[in-house]
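Note that the chains take the letters A, B, C, D, E and F in the order they are written out, and that residue 1 is the start of every chain.
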Amino acid sequence: MTEREGEQRPALTHVDADGAVLMVDVTDKQATTRRATAVATLVTRPDVIDLLVAGELPKGEALAVARVAGIMAAKQTSALIPLCHPLPLSGATIDLAPQGDRVLVTATVKTTGVTGVEMEALTAASVAALTLYDMIKAVDKHASIEGIHVVAKSGGKSGDWIAE
Amino acid sequence: MTEREGEQRPALTHVDADGAVLMVDVTDKQATTRRATAVATLVTRPDVIDLLVAGELPKGEALAVARVAGIMAAKQTSALIPLCHPLPLSGATIDLAPQGDRVLVTATVKTTGVTGVEMEALTAASVAALTLYDMIKAVDKHASIEGIHVVAKSGGKSGDWIAE
Amino acid sequence: MTEREGEQRPALTHVDADGAVLMVDVTDKQATTRRATAVATLVTRPDVIDLLVAGELPKGEALAVARVAGIMAAKQTSALIPLCHPLPLSGATIDLAPQGDRVLVTATVKTTGVTGVEMEALTAASVAALTLYDMIKAVDKHASIEGIHVVAKSGGKSGDWIAE
Amino acid sequence: MTEREGEQRPALTHVDADGAVLMVDVTDKQATTRRATAVATLVTRPDVIDLLVAGELPKGEALAVARVAGIMAAKQTSALIPLCHPLPLSGATIDLAPQGDRVLVTATVKTTGVTGVEMEALTAASVAALTLYDMIKAVDKHASIEGIHVVAKSGGKSGDWIAE
Amino acid sequence: MTEREGEQRPALTHVDADGAVLMVDVTDKQATTRRATAVATLVTRPDVIDLLVAGELPKGEALAVARVAGIMAAKQTSALIPLCHPLPLSGATIDLAPQGDRVLVTATVKTTGVTGVEMEALTAASVAALTLYDMIKAVDKHASIEGIHVVAKSGGKSGDWIAE
Amino acid sequence: MTEREGEQRPALTHVDADGAVLMVDVTDKQATTRRATAVATLVTRPDVIDLLVAGELPKGEALAVARVAGIMAAKQTSALIPLCHPLPLSGATIDLAPQGDRVLVTATVKTTGVTGVEMEALTAASVAALTLYDMIKAVDKHASIEGIHVVAKSGGKSGDWIAE
């Protein structure tokens, strides 16, 4: 079973026979084009969303800050997640869709590499959402971030996959 | 209104009069003892929780990895969240409570500094949860991280606060 | 003579009697409020400035990216400049003034610390300008960054100072 | 038009149709040998140059510090410049030529990768110059860094190029 | 002579003809599978080893922390060692063998790249040992780390090699 | 018993009652001036030492590179050693004494902070020694780093201490 694709056998891949954690050996895996998309949702109040999008921010800089933070975090994924392999990212986009009392964050990351980029997409979406949280926390103590998960991936041995 | 405590006036604190983002000036704030606790929940399947906790991991190293990742991420918060001030953390703990189909991650961070440490606690909880996600993603493509929010903070001008 | 203020005696402060470099001992210096402002100028063509500011960027995100990059770089100064002391920054702003064929970048950084923050302001201004350069390099190979220097500082033993 | 080579059409490459910034998708670009050379000039006083080169520094360590700082910064470029792709650098040199009242910094960076290395060369030259500035700022408040620009690049679709 | 393999001619490879240091140009080297194993030994007292392994640590978390620290440090090697090339690590394991008054740390690192990974293995072993030291320093001021060296490498032009 | 000074009771300080690791709470400790000195020894051959010091390095840049690497690593200690507190270093020096077949590395680090700086001094000495190793590994596969330990510390509750 390979590191990132398998789901057939219920076993953790980041531990050896003795239970010690490791960075899995992917030396023999093929470098292919891979893509992953993950989402996160910042939940707050409608009036806070107004502030973020329009109110005091004619230039929309708040959203730009979150976008930049997400892209930069994608590049730092292997320094944050201990057992994650370093990957040469070949592209990253962060889409921010404010609506009602929330902002839906969608991060898409691409690489030509030997492992998938789910963790990079998840990290990008999480940090973009945390950055939005940082900017609104003074006006909403009760905000939360919900539903961080992978919605699609392609490339690698397991082929394309979209969350139903 | 100060940066991290205010909630009286609905205005974003990280933008100036022209709408440009900035790292807020906290030079005149008092350095006091501050603490924040935040949570995140990894949601997966009961059999995956078994793997994480006991199955193949007699040493419990999977949880230790997440704990370490969360503590280290707390220290990197100001490098990840663009407008966050650097703070000299004086303590950090990550509690991991596996139960049923999920793991509740609780991060508590302390400082003697001029701003609160909510972002540090949120970042620690998020990265610990992402690290758990990384270790189980090969056996559960449908896992998600839910309910990232602050549950308590103390210190600073706004005094103690616990989420109801 | 102290590290950052002196100018009376023409001697380098980052080397010992044997000529070996070191991070100067500032243990006995007083932590005071300090501020520094530095500038950098990106020089390109008027049509490129139009693109940056208005043309394809209705949201002005290009400028926001440079602003964020400058603020984040200010926080990384002691990791980039080998003999620079780590300082707890208490505020940072990046002003971007596009006009004619150029953008004037002005970075202001504050701390309550034992050394001045000139290097933080200079690093912030430089990285903000490099970030603008990155975004326009596909349309102008001949751009350059000019005039990086400190324009004002306050706090510390040497008192306030403004470049004539 | 590709990301780093084009100059035919005056359009910014780091923004999508909606004006949102992104890290451009270079997945389909060919990895080729690429090289870029950039310069920066530290301008100070002749007596300060003497100090840097000979006076109190028999071992020339001041120049070595700047060289090391430039090389290390080249490797951090994608962590500093938000929309820059990570690249596996295959070589880096920093030449420092002191003369009269200035030091000419020339950085050359190489990679086998999918984008050019102009930003790496520019970042290396800038940080080496900032490091020199840090070491002389106690003896010259009026120093500046001038003329940061690319002087030559090779590899990639646009072929070789030397600034006239 | 290539950078990492040669031993025929006694010359340093990280300096040019003028004695200036540089990051050696490895652009023309072949990317091949490479592996290196390095060791380090933490020397303390038997009762301290008991504490590390069993006493207060039913979960064995102390060893897990050191393992994680070593793996993460391997990924940061090129940011720590100035003239070291960045490499895409494809695997890393840290074995910790406590016995008597010491812990033998063995780090194995793999890559498909253009230079060897001795420095990555050495850095991983060193940081894992330093992390153990950090956890015991309150109970043993006299601990030390001994015998950091490469014990085996394979791949690259010089072929396989095992320390006698 | 406090974190860094105690030695009376044989117990690990980085674990809680349940055996989970944590970053110890030092919020209530006094910030005082603290200093630590640590050493490391690179062991190689006399002819290699000649190369490092004089042979091809008229400018002595090899030693300067190691010095810079050690100083920069001291500043990164809390990012490398997972349970280490971030500290505002107020000074750092690296002394390199080549003699016979070895180089003795001595790192001294100072802070005004709430914990000791032994780990910073040990990390600085280790990384400086690893940097020397990197520069000689092409001419000596059998080099090793020995005797990394603390030789003196001052400040904090336990008072001054010198290894006998």
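Keep in mind that, in the parts below, contacts are C-beta pairs under 8 Å (C-beta built on N, C-alpha and C of every residue); 3 or more make two chains touch, one makes a residue touch a chain.
The structure displayed is predicted, hence computed values, not measured ones.
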So which chains are sitting against chain C and chain D at once?
-> A, F
Farthest CA centroid from chain A: chain F
When the contacting C-beta pairs are counted for A-C and for A-D, which pair yields the higher total?
-> A-D
Mind checking the rotation angle between the two copies, chain B and chain E? C-alpha superposition, nearest 5 degrees is fine.
-> 180
Using the average of all C-alpha atoms in each chain as its centre, how far is it in Å between chain A and chain B?
-> 16
For chain C paired with chain E, centre-to-centre distance based on mean C-alpha positions, whole Å | 36
Centre-of-Cα separation between chain E and chain A, whole angstrom = 30
So which stretches of chain F touch two or more other chains?
-> 20-21, 59, 61, 64-65, 67-69, 72, 76, 82-83, 88
Pull out all the chain pairs that touch, please.
-> A-B, A-C, A-D, A-E, B-C, B-E, B-F, C-D, C-F, D-E, D-F, E-F
Could you pull out which chain D residues touch chain A in their complex?
-> 16, 20-27, 29, 78-79, 82-83, 85-88, 113-114
Within their complex, state which residues of chain F touch chain D.
-> 59-61, 63-65, 67-69, 72
Partner chain E, residues of chain D touching it in the complex | 33, 64, 67-68, 71-72, 74-76, 88-95, 110-112
Using the touch rule from the top, collect the residues of chain B that touch chain A in their complex.
-> 1, 3-7, 10-15, 18-21, 47-48, 51-52, 55-59, 61-62, 64-65, 68-69, 72-73, 76, 80-84, 118-119, 122-123, 126-127, 129-131, 133-150, 161, 163
